[in-house]
């Protein structure tokens, strides 16, 4: 059986936990061995060390969600040199060192989707603020960049500030409270990562601004259910990481078997709910458009 | 036998060495890949950067008076960004950029040293503050045209020999930088007047002052050396991973301190050795490698480290109660 | 009458060092029992066993006729045995009040510490020792060593103990304070308290002690009634031989001034200090504890920055802002407090002795020449008869007097031009003391200028060519003629009466 | 006399710097000096403030505790799991705090009874407990906590949030404790000279044990506050918490070498940092420069303190 390894950005968070679950399910369905191992903090250096040890150990495929796309290049080259199938998933690396990038949705689509949700929540005019995770998180910054690109299309909306709260809910609550205090007239506050989104929602509730300020952002639904009930959150954005994990393992097996993805058309992947599309130009396998969670659909997801 | 146990009890490096051998045997037995020459040589490179930081902490902690450097990881980040921005974004010659990166590291250390030694401020506060400052500076110089701090990765190809080249499977940075440096530092500490002065200062600053020891210079210089070592680690790391990031050193402070302490450096100052720290680096590098190869979740890497830390202290106490006073 | 305290066949070993070999000792109520012996004889070790700080390897203690097993110092306290130890045990960041009551707090009904009463009792205690109690709220660390020692004596008096042990209380005290202490001991005796009194100042024993026990090498060499034994006999039993003949001193020719201090002042420490030091002379500095002598010396050595005044060395005005500058100018300073200023206690004798001169012991690249280093350390170990297994023994494991010898060795090794000694023979036994005195005289003869700060009048009188007396930060007496250097004159000046006998 | 000590104290310097900052921020933003915002700042300080009491005592004894954050993490997990598992809120909270106490006692046993250096013990515990948190929780964070368990974070008495009450009461009590209880005095004594303290007849092992165990208990309380405030238990709850607590403590004048410091000073230290990070957001200072400004201001205030006390000693 094939040994397929997936290295998340870090272990111990619900998002990658869901990907792990998907990967495991795929491994069972497809009869391969699935190895899930990653650093406990979002450290690229540690990821490299882990990949190197996987090479020493000998695996058939390595899929990585790099904390720094460029930094994994040398080690991925080394893996490739040893005949290992190299892939990226969730976040891309350099194109020449991976066979395929299994992408949840394109960063542009994500950034745009968040901006569109923000615009809709505030009825297309007013101010909003962003609380992000770490200032160096590559994908968060990319999404913010696209978000700002989209923002240009909404002339009546203003972004008042971008702050950072790391991977810590309590910090996000405190920063959120300070932001609301500083800009009481904002209509939306965005939490860009798993911890910031529930943090700012909590801050809205603590500040007694439910109904005046909407919290939204990118996070797993389990963190937001409670806040939706309390009315601080109406909509937020993500995709289905469980499906993404499944697709990653599926794609690895598919390539290891010597197949080639059919280009530019929906692919039937048994076991997941969307129909991914493969773009040969960028060697990208895209899960589908980002999901917008609402009170109506949130109970369907358990991650 | 008694002599052996006595040595175990009193000599930290020897204790760690025995521990290392035991660990090697266990790992080799359980994991076939572990004791291959390839693996052993290959894993050495993962001890280099953190090892340099641990050496820095060793010197600084020995200097006493609560000496500690919480900014060491941030210095690494800042030096890395200096190299990255100068070479990658501004197109400066890579050799020059690297030298400036090292100087930046030394300068950061000098700032720490200035406050600690000449203004006599508590090292913990000083380096905590500069940790914020250097982190912030690293972020600021990393800002791209979109206003986001972004890593720099377009280094010239020639730069990579420092961190990626191997000779007979031995990584360049291990053989050409780390080992010579460890030797020099060991020599410095155990054989020279600098070493004497350092231990004197760490044992009692007052007595040292009364004994004509240039206390201020010594304290200042350990922070400078520390900063320089962090700069060197930054150079090696950016070359190895081909990327300069403003968060490259995040979380390394505590690891470096942990290694120094495991190696027998007394947090109150005045006691410690390069050899002990070196042994601790080897233990930790081999431990992480072994656990990963054994497929044990990385979650338990730190946990195991914790157990070793406390366990070895207990073992040491038991041993020294039983054996150290027997002549 | 039965003794209240009886130690029987006490044995204590530290690794290979046999500190006590079957020591017997007893103490009656209302007597002062002196305990003497050369440095490292085991006196302090015996005390520590009697107060539960150390546990003996074998032997037992009988107290009021009953066997007493001390597992901790607390039990000794509760039994009524307290001690003032040789090395001052202070909490430097805590106030004097807290220091005195630590472990023995006065509490109100609700369990709170009764600060009010503690402070008033502290005042009373200090007044009974004739000390102005203005500093009781200051941190202990800001007091001079002598004052700390007095405070600790006050602390011991506060216990209402049945046995009080003084381990070299007068080593740091001046005549004046020592007399004060003696009268208090007198009072304690009358109350029936048993007192063990350790001292190297043999001349004070006849005045205070009733009995004397002499120790050597961990063994009791003899036990006498005080009036039945001579000083010579004591020394012989202590040292195993009689003392070496002392050198004769030829007075210097007061021609070259090597050091001149003009109008030196530092607020709260000393005022208008003026004096000259000539080549080859020994200048004594006398005064009471806290007179500010140490501060003046530390200023000359570059450890304290004066507010005003000048220091002139060999005719040139110098700015000594750091000990390294002082050393370059040829000044060496042996500090009074060996614990916190003088020695690296956790390091070896070897390390301590050579650290000030380590730069002269290098080969190249700053590498220390280990063989030369070893040679120097060994030479001093032998010469000062430092009682230690080797030069690699930790200073911490030495007896108090032997630590003092290491301190002396450390500075003699620097071969200075101006040598400042602050309480140089604090705690060393008579034999070594006369040896150190001889060395001081010899150094002066060879042209080195020496300042001796000492609280011991006999020492000052014996060594000094001239004496300066300080009182409360000011110079209150100058004695330039050997004949004028008498105990009465010095004491009068030390208590404030101005008695200046100037040469010119 | 007393006045002289007050003038020399770090507490005064930090207070003055703080007052300066408050005036500056108030002039720059009219939204700064409002009841709402003050409440925000105090809330932000609460968990650090409570934990800093234990840390202050530990550092006064000459020790250090880097396991504070990971103890808090375990407490959060236990509390969260208990609450979700149907325990009544009060029981879950007590359970969490007891776990804090238990872990503190583990530290205490190693430090006080076995005599292992505190840095080794707590570094070891920190690493071990972090792994345990990950293991207990996996990647599944606990969200959707029952409202009742959040009382420690959200509850109010007389319209003042519980965390603020807790902070004020605990700081007040332990300030009093350190001054008027003999055990408080022994904490200082141990840090000044442990051998002398032992010889003075004090059971120093008991003092040390008390300090580390109490600290554990207080981390437990801090954990309950954090869970209450955020409503989420994540694997890295409490990450870096120890550093913030140590920073506050040392900034507040406690000497890392032991022997001196006050609980109140530590509160001031944590307030200063919270004040800064809040104020900088209110002034909308660019986020990336926050660290720069905070670092320089901390350095500056301690430098003032050091220069103020020049010529002493």
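Which chain is which? They are A, B, C and D, in the order written, and residues in each are numbered from 1.
Note that contacts are C-beta pairs under 8 Å (C-beta built on N, C-alpha and C of every residue); 3 or more make two chains touch, one makes a residue touch a chain.
The structure displayed is predicted, hence computed values, not measured ones.
Among the pairs B-D and B-C, the greater number of C-beta contacts is found at B-D.
Taking each chain's centre as the average of its CA atoms, chain A and chain C sit 72 Å apart.
Mean C-alpha position of chain B lies 29 Å from that of chain D. Taking the mean of the C-alpha atoms as each chain's centre, chain C and chain D sit 44 Å apart. Residue positions of chain D with contacts to 2 or more other chains are 130, 134, 255, 288.
Of all residues in chain B, those touching 2 or more other chains are 139, 149, 299, 301-302, listed in ascending order.
Residue positions 11-12, 40, 135 of chain A each touch two or more of the other chains. Applying the touch definition to all chain combinations yields A-B, A-D, B-C, B-D, C-D. Across the interface of their complex, chain D is touched by residues 65-66, 70, 115, 119-126, 128-133, 135-137, 139-140, 143, 149, 254, 257-258, 261-262, 266-268, 299-310, 313-314, 317 of chain B. Interface of chain A with chain B (complex): residues 11-12, 35, 37-41, 43-46, 48-50, 52-53, 56-58, 68-74, 134-136, 138, 141, 144-145, 148. By the touch criterion given at the top, residues 191-194, 196-197, 199-200, 203-204, 206-214, 270-271, 325, 327 of chain B touch chain C in their complex. If you check the complex, the residues on chain C that touch chain B are 15-16, 303, 323-324, 326-327, 333, 335, 340-347, 351, 355-356, 358-359, 362, 365-368, 410, 414. Of all residues in chain A, only 11-18, 20, 40, 135, 160-164, 167-170, 173-175, 177-179, 181-182, 184, 195, 198-199, 202, 206-207, 222-223, 225-226 touch chain D in the complex they form.
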